[in-house]
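Worksheet: the structure to be examined is printed underneath.
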């Protein structure tokens, strides 16, 4: 029996469809947080005073700063997409870079905030907390659980954005190795057969490596936009969740 | 051996063959072809199912007499936990959607693949990683988990066994499930072929579509619940720790918010299969197409409202107990509608008792018993007595095994010729069915009786009053497994030795019967255009 | 690139500005100590902010009805979970 | 099967029988029709199927009839349930404590036992406490069950109809010896019960410490004769060298009096290797009682060198 090549699956390009898929995924993320919001709602209902007290121990200012950081990162994200849609790859890269920088600063602030709380012995299961009321234990459990889960999503989001940044920033490049002993003559022709360039290599080689750098055509860019849009959707969702976390943990009194 | 279909089209099984072992293996494990991914699932899921069965049999052996028979209590406790985890998360939830959904959903709507072929492969890898983790949890560190598949806190947080790994395994498997669901919903929305309107989709597709929505909307809840259990164990988060004000009952809420809808993830695809098989073997269009299609959505929706019926004795408020009880009674109605429509389809049909149809009959009978015992459990007064007894164990084996399990076998027998291009001999299947049916009822009906008499579940040992029942059940399990072995042997042999199958061995009407057996890569040479309902036959009304 | 929506930069900036503004408002309202209303106000403002992000930054406004339907279904699910859990918690 | 029954046993059985009747009816109907059609319209006899798309009338019937049927089904279940929850005013209250893996009962006069004694024809309300994980208090003969959840006080009630005894099980999985977490409910004549209630625990023989250990549950995990159990045996424990985890590090310590005291009062301070950390902290042990326990464990020293690490 002879080898039969697997024909390539016809690449269907359906941006709306892939966005829909992404949205479905986002819905599952919303429901993931819904589970922990449910816990929050119940414990808040059971221990309103302690939650009030707990909220006052968090630094509203720090939370507000982080809120602004995330909101701004959402703005740069959406600008990055807008630039790419308009064909401005460089602008898109800059905006994406800004988004990542803002995301990182969010995490840095978060680390300091956590560090502060842990420094005061306020972390789940600490001896300090054991002396406090049940409600405060629940509040801090939720504080660390919710912001931790959110931070995890920020980290994943940053990873996705970093990949996108790499894709957009690098010049597309293709390298092929062709084995060919001895003297080699090279010629380059365009897709429709026009001759572009001719040349020969010196004496003894066991092959040649050909590298091409090229800029993306319309269709490839289009696919990048779809990818960037989906990455952006994820990033915005992380923002939306924070929009709810912030008042729930820092403000509601 | 070659499956070259007429017209020189190469079957999906043969593509990539002949270039040596490694290329061949790669052509499978890196495939993005939905049919091959279906086969990958078939092989992996069935392997784990075999392990689950083995564990089940070992438990039955232990329970044949009071006191220690072959294993100690720790081992027994791990056995039912791992049996439950494997059967639920590795066998029955992925089972039908991942195997037959992957294989047939695109074909049945006239598509060349699912919408996200690569994510589809990723979802299989998630399954494999989850499965490996589940196996690791058996052997690593503190010993196999011993919490029951429900992982109830506080016990699941206190025990020193490998709960964290097992829980993480379930989490990863949940991911696999979400990705499959996401893929199916998008595929159904975006890739139906020309003329394939919503109400011309086969009922199997409707079932899978409804299932996919449950997978999307329910699975995240178990994901976060399992994350919390892990955090609780690793970082002492305290959210469920009663000593610090946490509420163990909230854990039960979160767990069942997922796990009740999950039972419909298990049964809906099987109902879809039944809705395919009955029209085919009675040469008749389905009775009440729209009612069946809509009842799938109704089950998906109502299934979300009833989780509390697992917690009637937990100390939940009395108000919510009756609310959940009332809602639970309502969820039975769409199932009843389906059963009535199936039976009505047989009326004035031209019925051919192929093995697949026989297993469907088994399904209807056993699932009805399971469902009706479910109704008994939803009655508050009865539930208080039977909760956490063998009555429950009987109920869920009737619905899961008698329902989905038999449905799965029916699906194998029905679609085998299409998937492998070979026929399965009938006679051994009839015999196998006989054994399975008798063994099944001996095993599980006895459990119902034991449960009513007060035998609690998850019991390593029991008082002597219950001995007779346990002996009967154990003997039943042997007969059941004998039947299973006959069926499995027949099926496996047919993979290699079966007669070649024609494109349409049964006289089916849906699209998969219009392409060669086995189907070519990318399914259709030219995408079909649909002009009639899925079960339309000559003599029926024009669509 | 006809498939992708083009929205003027200025609109994005306006939305961002509104978001920041609402952040300020919600902090102020919390400072007012208006008792039970403060919870309600905080949730309400968060919902507005969330909607802004969903509709403009995430382009939900320009997507087909199916996307909105899907989101509604998820929200409904959330509501059902909350309601039925509270059917227990608040009547214990 | 059951040695006694409660006033509600019959009620609940009747509800169950009603469900059983409905179920059998539908099961026979469905299976019967299915087989009848399959035989009557088998292909050899009926080669041409008649194409019937459906019938709105039938769909309506078989949607509406179950909906209507389901309402009384719910109602019966609910009515029975209300009876199970409405505790009569004159109920006698018994506090029940579940722990891994036994039950103890405390009466209003302070008497504590490990079997539940109740007078016949007297409503009894059980208030359920757990000191460790979830359990479930289940008396099959009375058709009652309620989970025992740490941090909560669930309850159940019943009124025995005849004297006799019946099994009590733990119906919520709670670890290794879940299936041995059982006891008995003994229904006595009223007068008999009253005498029993005032009696000192004379019938529980053995040295005081043993009775105490049995009552507070030590013996469900620890043995006194060197056999392996959930916890280490007490035999030969005193004075032996133990390998324990203290503050996360492994070390060897000698089991002196101080060690025993700590092991009882703060079980997780020293974690004996190869044993699970599931020993519950003691529930209301007085200082004298702790001393008594320690003395007793000391008295078991020297009979063997400890059973060592399993």
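The first chain written gets the first letter, and so on, giving A, B, C and D; residue counts start at 1 in each chain.
Methods note: contacts are C-beta pairs under 8 Å (C-beta built on N, C-alpha and C of every residue); 3 or more make two chains touch, one makes a residue touch a chain.
Nothing here was measured: the structure is a model prediction, and the numbers come from that model.
Looking at B-D and A-C side by side, the one with more C-beta contacts is B-D. Relative to the C-alpha centre of subunit C, the farthest chain centre belongs to D.
Note on chain placement: the centre of subunit B and the centre of subunit D lie 32 Å apart, centres being C-alpha means. The centroid of the Cα atoms in subunit A and the matching centroid in subunit C are 21 Å apart. The distance from the centre of subunit A to the centre of subunit D, each centre being the mean of the chain's C-alpha atoms, comes to 50 Å.
Those residues of subunit A in touch with two or more other chains are numbered 16, 20, 24, 27, 30-31, 34, 38, 42, 46.
Residue positions 189, 217, 221, 245-247, 249-250, 253, 257, 318 of subunit B are each in touch with at least two other chains.
Multi-chain contact residues of subunit C (touching two or more other chains) are listed as 66, 73-74, 77, 81, 85, 89-90. Residue ranges of subunit A in contact with subunit B, taken from their complex: 1-7, 9-10, 14, 16-18, 20-21, 24-25, 27-36, 38-39, 42-43, 46-47, 124-125, 129-130, 133-135, 137-138, 141-142, 144-145, 148-149.
Residues 1, 3-7, 9, 12-13, 15-16, 19-20, 23, 26-27, 30, 33, 38-39, 42-43, 45-46, 49-50, 53-54, 56-59, 63-64, 66-67, 70-71, 73-74, 77-78, 81-82, 85-86, 89-90 of subunit C are the ones that touch subunit A when the two sit in their complex. Per the touch definition, subunit C reaches subunit B in the complex via residues 66, 73-74, 77, 80-81, 84-85, 87-92. Listed in rising order, the residues of subunit D touching subunit B in the complex are 1-2, 11-12, 15-16, 19-20, 22-23, 26-27, 30-31, 33-35, 37-38, 41-43, 46-55, 58-59, 62-63, 66-67, 70-71, 73-74, 76-81, 83-85, 132-134, 136, 138, 140-141, 143-147, 149-152, 154, 167, 169-180, 182, 276-278. Within the complex formed with subunit C, the subunit B residues making contact are 189, 213, 217, 221, 249-250, 253, 257, 304-305, 307-308, 316-320, 323-324.
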